[in-house]
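What follows is chain A paired twice: with chain B in the first complex and chain C in the second.
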Partner chain A sequence: MLINDIRLQFYDKIIHKRVLLLVSHDVDALCACKILQALFHCDHIQYTIVAVAGKQDLERAFLEHSEQLEFVVMINCGGNIDLIELLQPEENVVFYICDSHRPIHLNNVFNDSQVKMLVNSGDEFNLPAYEDVIRNEESDEDDSGNESDEPSGKRRRFDEATLERKMEKRRKRREWEQNKERIMYDYDEFSFYGTAASLVMYDLAWKLSKDTNDLLWWAITGLTSQLIAKRIDREKYVSDVTELNRHVSRHNHRGNEDECPLSVNSMKISFVPELQLTLYKHWSLFESLRHSAYTACTLKLWTLKGQKKLNEFLADMGLPLAQSKQKFSAMDVEFKDNVKDWLETSAKKFGLDNISVPSFQVQFGFKHKYCALDVAFAVDALLESVNTSKSAEERFMEALDCLSRTYIDKLEDGLDLCKQQMMGVVNQVQSLLDMKKVVSAGPFLYAFVPDGTPGSKFFSRPNCLMTLGRFTLEAYVKLYNRRKARNLPLVVTAPLDFENGTSLVVGIPPLPELEQASRNFFGKAFEQAAEKTGSRTLHDNFEPSVVIMRTEDRSKFFDALISLLQ
Partner chain B sequence: MRRRRTNVTVELRKNKRDDIVLKRRNVPLLSGTDSEEESQLQNTSYAQIVQNASSDQPNLQLGAVQTARKLLSSDRNPPIDSLIESGILPVLVACLQRHDNPSLQFEAAWALTNIASGTSEQTQSVVKAGAVPHFKNLLSSPHQNVCEQAVWALGNIIGDGPACRDYCIKEGVVHPLLSFINPNIPLSFLRNVTWVLVNMCRNKDPPPPLVVIQDILRGLCTLIMHKDTSILVDTVWALSYLTDGGNSQIQMVIDSEVVPNLVNLLSHPEVKVQTAALRAVGNIVTGTDEQTQVVLDCDVLSRFPALLAHKKEKINKEAVWFLSNITAGNQKQVQLVIDAGLIPDIVRLLDRGDFQTQKEAAWAVSNLTISGKKEQVVVLIENKVIPPLCNLLTVKDPQIVQVCLDGIGNILRMAGENYHVIADMIESAGGVDKIESLQQSENDEIYKLAFEIIEQYFSDDVGGLDPQPTDEDKGYHFDGNASVPPEGFQFN
Partner chain C sequence: MYGDKALELILELKRAAEGSLPPYNEDGIRQVLEETSVLYDQNQADVLRESSMTGAESLLSAVQFRHTCLERNQRCLLAYLHNRLEIIKEMRWEFGSVLPPDIKNNMSEQESQWFNKYSKSLASYMRSLGEEGLDLTQDRKPPKNLFIQVRCLRDFGEFETEDGSMVVLKKNSQHFLLRSQCEPLIRQGILEHILS
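For the complex of A and B:
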């Protein structure tokens, strides 16, 4: 069921209890987890935290811990799968799910006793009516006998009227089934995302009067990660930012700066319009422009002409090339202070109207200043690190740690990792375009990341492969500017495990859809294509448009996908 | 080892799920008890009906019997017990004897049919009221609707169990029933007759008398030629019940020369017919090697690629069950399965079928390792049977674990001195850990099997010592290197 009073129906129920906390591998989940951990520490709630990367992890974690626990909290996982069916829990187990994946599985919505969905009351769910999708047992019993194979032992003879009534009932039932099928198709057709889990958790903290600047910053980071992964559209983002800004002004209200000077330990969050340039404050402006999808794709940096255009752009700003290639922090103060304004002005002339977004930045004491976009990038990079010596759990814990003020140096590691990732992505996009490896299959484009290329290891991680996919699609569409291609989606595969012969497959919706609604139809399509061809696929990721596949089954899988999407 | 079907297929997990489904709905169960007053009111009216039904005014009587019949033919909760308590049975049975009034006979027969359609107790009460001899008489009524209704009523009574069935047989219903099987009879009538024959064959504790089976088989052989699906389904189910009654009954069915027809129906477009036919031939191959051979001689295996790829999981399961009984046969029969190219399908279902099908496939494989010769077992290995066999070692069902362990043990044993090739495959399929942990099993058999396998083939201290079977030509002869050559295994 959907919960409307998160404090009464969730927090008050688990207080003083032991809780199993299952957290998925994404930045928003980590931020939500941090907020919840802070609340648990306040109230001395004991918890066990387990990172889950997919459905199999979820099942395993639950099996291992279910014996001692009655309360399971899930963050960004579990909402879009039939939990009761998957986990077969005892009756006393209650699941509290804070998951931004949509659509929510209807069995979770309609289970009143064991599944409680923590959601933002402002979200729209477009839920079908209960009686349209779930039938009462009682009205079933008449016809259920027809299903068994063996002939019945005894038969009653009904009179005409009853027979007709039965026929009528059967007809109605068929109609109902068809109607249900249609409703379910509409409901399940696209996967998309709702309000960030971290915002839901922050809302809880606020209602408990336990919100602080730290918690607020995590909420901001979670929301920002949704924007950079294109999980929500700009409109939703701006409205959530506005909401958070109210909390920011409340917590960061200061009278006169001189009267209460900043102390080393203080934390200050401020609202700022921010450039959508990847890590530019921690890189050089030149590199950042090259490695940000928006600028790289719009300026078509893949071509010589595009590279010239970048120089023109910098000249237009009045920024010397040498300065632009300096580390940002080492740029002349005059440039550093003005670069944002100049860039915004020049951007409009070069068709980069949306270069800035409303965002936040945080300052810890005097020294460290970060903008939310960069932090979200860094945490994600730590989570998706391809350092083979680190297990998934270690990566998860490291990413979780770097959100704390005490582990600022880890955040710096994340920024470095992120740069490497983005360089890998951009090189890969360049080589896919140069080699003409982005191919149209008719109803969609596809690209295979070949095995053994320098960057290919980065793309064994789902988020990074999705970043590559979005980057490639945008680059391709803007480069060729073909009317037809503009509305095509893209499927990208990358080698996952060479020895086992598996690949990772992600589906990227067409650009207009990506920018407006961020909804993705590939989940259903992948499922059907795999089923039709008997391809060996694993639909383990909580994001249905990410699947693992036997590489040798790829061609038949793609054939089925083509005929499905035509 | 040939296995009959077991009916205990309900799994714990499934049971539990049903509970949860109920709970998920979370709908309060409405109880539908009528108020005291209302039932009082109805009791008086039942008494009234019974009284009127024994009236000597023809119209009043017919009307009352009709009312009773209508009450019993309505959709839900027919008032069977209330009417029996009001004493309606003797009145209805009396009506059956009114040869001057076929409408009354028809209504009474219908009402009795529906009373007999209830619980066993309710059916018995109709028998005790002495209805059976009169129904038998009605079988020769010149009015077809009366006749048909009597057939229906007898069907319900015969379906109650062996005692009622044998009583009806003694009253001599079989011959008149079989005489209805002729080209002039309407379809709905013939469907009813066929259904009664199913009920005749249904119960096997004890089975019907041999002569009766012979008679019925003759009828079934005619009916199996019919085009109507529902007649076909019932006919084939009747045959499958007969073949479920031991080898002598199987022999009678074989002698009736119906097997080629059954095999043909395995490719029928209607799933219900396929299901029944598969069950019938599946029962036959639980018999002796000779009886099994009769089915195989009809080229039955050529039907199986379609059945193994059928989209209904239940058909897959029964098809593999059938094959498991062939691989339990002699080596010639095992070879037929191999020659029909069915091994890849069996391994595929062992790997990825639904659990019930996987179980049957495990039996099929394990049986083959027992009855097959080593060339035949090699075919299994070439089709990569080891990884799925190892995967099944972690299931909850101890019988299946044992079957799989048996299979693995047999394969290793047959490999003789080349056992390490198989051992490597088990190792790389992650099977060794699983077998090792099965040594902790509470089940004695499993523990012993696992222990033996580990001790003989996987314990380090074996070192240079060869395991016992050193008889030279017992082992497989693989090409020297341990890896699998791309073109498959080669025998020297």
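For the complex of A and C:
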């Protein structure tokens, strides 16, 4: 059941009760969780937070913690799977799901008592009509029951009529089934993302009049993470940012600065157009230009010509090379102040029209100034850290911590991790292109990350592998400039666990679709390909286009995928 | 030098980390006591000598000096013992009536006797308060919040809260629970209090 009035139908119901919070491993979920925690603290709602990485985790966590609990809140998980089927909960358990994964599973939508979906009222779902997909079983049974009750003597007389009626019914049923299949196919074909969970939660906080700058910042981070993971298109992002900007100006409105001076340590959020360069404020400008997907792909930095073009670009900006290789914070003040304007004007000449996006930055104290893009990158890097001494849950907790102001040094660690990750990604893209490892299989491109390369450990994490995939696809398309390649999707695999012989497979939709709604058809395709060949795959991730596969089964899986997509 | 040993005892206590109890220095105390008795004996002899023969006033200043040393030793010993008792008393409030074994090992026989007696009288006093007794050791400082955020550091299993509901404390799960219920678990190192 979809819930629009979250305050009345969700918050007022769980107040003064114990709640189990299941949170998936992504930045948006973390931010939403933080917001919800803050609200729960205000109202003394006792809760238990458990991090869940996949469907198996979800099942286990529910089994372990569900005793005596009536309310389960799920953030960015569970929306696109049939929960009642998977978890087999008691009658009195109610699930509240705030999930940005689309499409929502229809059984969740049509379950009125136990599953409640918290969604933004502005979203469109294109839900099929109830009677089209769920048949009222009772009426069928009634009919068949009547038939058998009829005395056999009479039956012969009405035989013809009954037969006709039966045929008619069967035909209708078949028609209905076909129609249902078609509708379901249309509905399920693409997986995509809706409004960020953190925005939905922030909306709740606002309606409860409990929103503060901290909560607002988390909502911003959540939204920004959706942009950098290309889960939403630019248009949707800009409209959400405009929405948030209203809140930002409401919270950060100052009368006269002299009249009520604020402490330096208070949190200030401001709206600024920000450059789409990875961590440039914490790196050097040169490195940042090299490691950002947008600039690297447009300038074709994989070639000698591209490298020269980058130097040309810097010269056009009027920025000395020595300065550009300097840490950004240590650059001359004159350059530092102007670099954004210069970069924007020069970028236009080099075909980088979309280099800046509307974004926000936050400041507390003299030292800490972050922009939303960098924070989202850093939190993601912490979540996907490849440090083997930390379990997935520990990484989750660390990422959760780094969002609060007390643990700001953890965020700095995240920034460093992110740099390593980006370097790994760029090196991998370079080697894939140099060795011509991106191969066209006809209906799609594919690339394998070979085992044992220095950066390969980074790609055992789904988000990082997806970043690599998008980066590779964009670089490939821009580099070879073939018209045909433009509309091809990409499948990337990377070794996950060498000892168990498993690999991670992700599917990246073709570029034009990536730029629009990021609709991904690989979820269904992977499922079918695995089913046809009997490959041992694990569809554990909440994102359907990420699967784990036995490495031996790779070739037959790909064969099936090729024939499926043709 | 006279009095050095006694000073050593005091310094040892002072150097110990805040809130910890250094081992009972029996050897040191014995040495101080020996020194004291030597001083006393010498004084005794000198006083006897002085009273038996006249004109030995020159001894008087030495007697005075030894007596001061003796008194100083006594003061230092008393201070040593008293301060240890204060620490032990504090620990009764911190840890409750059962002390961790490593602290127990650092106490002398008399000290543990004292601890037991103190513990008993405190408990009976707390029982006498109100109708059903009052646990004075809880909330010694007014808490800022009734509930706190905690994170599980190791698997503990089911934990029954005061209102009868069950919470499963599993490693790396995070909870928002009543402060009073968490405190003992935090002390045992099962939960970690997180600030936000």
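One rule holds for everything that comes next: the second predicted complex is superposed on the first by the 547 of 566 C-alpha atoms of A that agree within 3 Å, B and C clash if a C-alpha of one lies under 4 Å from a C-alpha of the other, contacts with A are read in each partner's own complex, and residues count from 1 in each chain.
The criterion applied here is as follows: a contact is a pair of C-beta atoms (placed from the backbone, for glycine too) under 8 Å apart; a residue touches a chain by one contact, two chains touch by 3 or more.
Computed from a predicted model, the values in this text were never measured in an experiment.
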Q: Go through the superposed model and pick first if A:I134 touches only chain B, second if only chain C, both, or neither.
A: first
Q: Could you tell me if A:H65 is touching chain B, chain C, both of them or neither one (first, second, both, neither)?
A: second
Q. Is A:S249 touching the first partner chain B, the second partner chain C, both, or neither of them?
A. neither
Q.
Which partner chains sit in contact with A:T162 here, chain B, chain C, both or neither? Use first/second/both/neither.
A. first
Q. Touching A:D112, do we find chain B (first), chain C (second), both, or neither?
A. first
Q: With the two complexes superposed on chain A, say which partner A:Q178 touches: chain B (first), chain C (second), both, or neither.
A: neither
Q: Could you say whether A:S555 touches chain B, chain C, both of them, or neither, answering first, second, both or neither?
A: neither
Q. Who does A:M397 touch here: chain B (first), chain C (second), both, or neither?
A. second
Q: Go through the superposed model and pick first if A:Q46 touches only chain B, second if only chain C, both, or neither.
A: second
Q: Note which residues of chain B are touching chain A in the complex, please.
A: 13, 16-17, 20, 22-27, 30, 69-70, 72-76, 78, 110, 113-114, 116-118, 123, 149, 152, 155-156, 159-160, 195, 198-199, 202, 233-234, 237, 272, 275-276, 314
Q. Taking the complex as given, what residues does chain C use to touch chain A?
A. 145-147, 149, 151, 158, 165-168, 170-178, 194-196
Q: Please name which positions on chain A make contact with chain C in the complex.
A: 18, 37-38, 40-41, 44-51, 64-65, 67-68, 391, 393-394, 396-397, 400-401, 404, 406
Q: Under the touch definition given earlier, write down the residues of chain A that touch chain B in their complex.
A: 84-85, 88, 91, 107, 110-114, 134, 136-138, 142, 149-151, 153-159, 162, 165-166
